[in-house]
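Which chain is which? They are A, B and C, in the order written, and residues in each are numbered from 1.
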Amino acid sequence: MAFYLQIAVNGAVISCLYVLVALGLNLILGIMHIVNFAQGTIFMLAALTLFVFNVSLGLNYILASLLSVMAIAVLGVVMERLFFRRLRGQFLPSLVMSLGLLLVIEGVAWLNFGIVSQAVPPVFPGVVQFLGASVSKERLVIIAGGLVLIAGLFLFIRYTRAGKAIRAVEQDPEGAVLQGIDLDDVTRLVFIVSFVLTALAAVLVAPTLALDPSIGETPLLKGLVIIVLGGMGSVTGTLLGGLIIGFTESIVGTFYDPVAASLVSGVFLMAILIFRPSGLLPYRM
Amino acid sequence: MARALPFVPAAFLLGLPLFTADPYWLHVLIMSALNVSLALSLRVLWNVGVLSCGHAALMGVGAYTSAFLATSVGVSPWLGALTGSGATIAVAVGLGYLSLRLRGIYFVLVTFAFNEVFFLVVNRWRDVTGGPSGLVGIPRFPGLPPGRVSYYYLALGLLALTVGVLHRIERSRIGVIWFAIRDSDLRAQCVGINVVFYRVLAFAVSAIFAGAWGAFYAHYVTVIAPSDFTVWQSVYVQLYMIVGGAAAFAGPIIGGSVLTIATELLRATGPLVSVIYGALLTLVMLFLPGGFVSLHTALARVRWRPFSRSTA
Amino acid sequence: MAPLLEIDSLTQHFGGLAAVVDLHLVVGRGELLGLIGPNGAGKTTVFNVISGVLAPSGGRVMFKGARITGLPAYAIIRRGLARTFQIPTLFSSFSVLDNVLLGAYSRQRPRPADVLLGRRAGTDGAAARALELLKSLRLDGFRDERVRTLPHGDQKKVELAVALASRPELLLLDEPFAGLSADEIEDMTGHIRRLRGEGVTFVVVEHNMRALMRIADRVCVLNFGRKIADGTPKEISENLEVIRAYLGTKRHAAGR
């Protein structure tokens, strides 16, 4: 029992992380028709910024996280303005450009951060005993935080003015523009929301990771798998896809090893693309 | 006149070892030939309207097949290289048949996943691939005179074959049909073109050169590891093609050679290379979507307005 | 002898929408059948099914006595059937001549020798025939122009030339007169008549009733995917009240 609980907690942690990154990818995809391959490096930048504020400058975790997320939000505005807005809707050029940005950001990080992996000290040390299993508090915080963020995004998209504008553009860009919605405002907003979501995911899990400039690659890859699995542009599909991938990985990772787990998601991705390219759930936000 | 143009660089490259036998520069030129050929063969897929992120994995199939046969079975590298190319075709035809309905982002992602799966498989399958540390002590091609010059000429010959064959196919009826499929899939079907067949054919043609150069690479550097064939290596090949200019046959040739040599001149290593390449790729997509080959037309109508609002 | 084309209880659904319902249609050799009906009546869907672009939900299509439903589009085209599109969808980056040559390729298999010898595409007999075809449509002056630079009327003629290049026995024309001036309609009509003289069978979807009635042997009316009338142009014209009721717009009845 304790063993299975362990697997379940693991699966939930992984699912939360991947879903948050996938939601960020999916927002940009739905509005701008851009697959942002640089999203993983945003995750990495947020975690490394947190490290700099928290460890190098000695600020406390909460303050360091806030500063890091704010920095990433500013970066989102800048990147949207300078790069992505110009290639809005041009799927292939924007995709290639995002690959270019990925190479630049990750390369710069390697040059500045070095190849020795670093760690942010744990914020919530200790374990809780639960049904005979010992679960680290850190993991429970990640699950709780992840759920709050996902719920927050749902409420934002559904009930706020800005969220409604985003949905309007996603469903009918021309109609939305005729309704007086400024497309540039919406795309800027989408980049901020997407980047902030990814950054929050990063600061949430950073204390459990060995930090180096390559940590964004796995979330990016898994995020891509999830949006394909769940259906591009579908938020509920993303949740479902995230749970499937998270738990598959937890189970395979426990019984075999992490490489086998990644292999399974890779094969999963190919199979879904080949046999059901529209994803598990139809396209709807 | 224009027909004679390719012979000038050809003569120069042929005669080069008479003047310098600096192994370092010969190595740089060999790697240029490799990168040019990979980019040219990737462009075959581009010609039918798809972008592949799996070219490094196809190269890896050729490299690992030939290296495994040579190290574990004792097959001659020459025969191994042929087998490796054949294996690459088989993999490409299989992948092509499964993924040929996909276009755009779906094809990019399926090839991306393919490259990841290949990377993970060679990492795990230690008995055959040597796992993360790879295969070492791969024999060189037998019968070649010792020294780097012989490999230089081998690369030059393989480059000439790649350029020649791909150029001819492109100008033949098959090439015209490829471009037609890129222009309009539906229309091509409706003039009686078997779109599926020609797409898979493009995949196979693209793969055979990736596989052959992979085998060449294995028997040249004599050490291969999974990290030589990651999806980021595939992205580099895209970069040579796109930065050079994918619309023209000369584009990947210019892109592959200029970027490889420039990287060496800058003595850039590791992360710095990726920063430079990434910046180039980003800038080219934003300001010179046609790549280097479109430079003269782009300069003719310079409009430097980096902060203007986008116009759709 | 079997009719050239026989459509038997054809049905096509898109989700919950029935685009074509239980359609029976027979086209004899040498005939010119007009297919009319309001927008959304299912005319283009019928073309898409016949040419293999869509697989029908039910029913079958026989061409020259053999079943062609389920075959891929290219295989159907190779059996001697060709179509044009409502909006010209030519290979826009190709020259007029190259477009026509592509149309001709369906009847010839590529020879490996052509590739190995580096023979330039279109240097064989196909090129001569393509040029002849262009001449017959008075398009030979534009042979090296890129099609996207041509005026609409000429693009429609290039569409026709591409379809003809595969030497079809049955030609499906989707609104051949749409967007053409009176002179161009006259010209197009002349070409269609000439081709009928050469033995080509036609099915023509058209909104321009006057032009269609002049060339059709028989006209079939579709509405909401069902056949509601089938007869000679005269019968259909006399049935005008019925048609007006179904077509609903004065434009069609008045025939522009």
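General remarks:
Simple rule for what comes next: a residue touches a chain if its C-beta (ideal position, glycine included) is under 8 Å from a C-beta of that chain, and two chains touch if they have at least 3 such contacts.
None of the values given here were measured: they were computed from a predicted structure.
In terms of the stated touch criterion, subunit B and subunit C have no partners in common.
Compared with subunit A, the chain whose C-alpha mean position is the greatest distance off is C.
Chain pair with the most C-beta contact pairs: A-B. Distance from each chain's C-alpha mean to the overall C-alpha mean is smallest for B.
Note on chain placement: the centre of subunit B and the centre of subunit C lie 42 Å apart, centres being C-alpha means.
Each chain gets one centre point, the mean of its Cα atoms, and the points for subunit A and subunit C are 50 Å apart. Spacing of subunit A relative to subunit B, judged by their CA centroids, is 32 angstrom. Of all residues in subunit C, none touches 2 or more other chains. Interface of subunit B with subunit A (complex): residues 51, 98-99, 101-102, 104-106, 108-110, 112-114, 116-117, 120-121, 123-124, 232, 235, 238-239, 242, 270-275, 277-283, 285-286, 289, 309-310, 312. Across the complex, subunit B is touched by residues 51-53, 72-75, 77-78, 82-83, 85, 89-94, 98, 101-103, 105-107, 110, 114-116, 118-122, 162-163, 165-166 of subunit C. Residues 35, 83, 85-89, 91-97, 99-108, 110-111, 184, 221, 224-225, 228, 232, 259-260, 262-263, 266-267, 269-270, 273-274, 277 of subunit A are the ones that touch subunit B when the two sit in their complex.
Contact residues of subunit B toward subunit C in the complex are 167-169, 171-177, 179-180, 183-184, 186-196.
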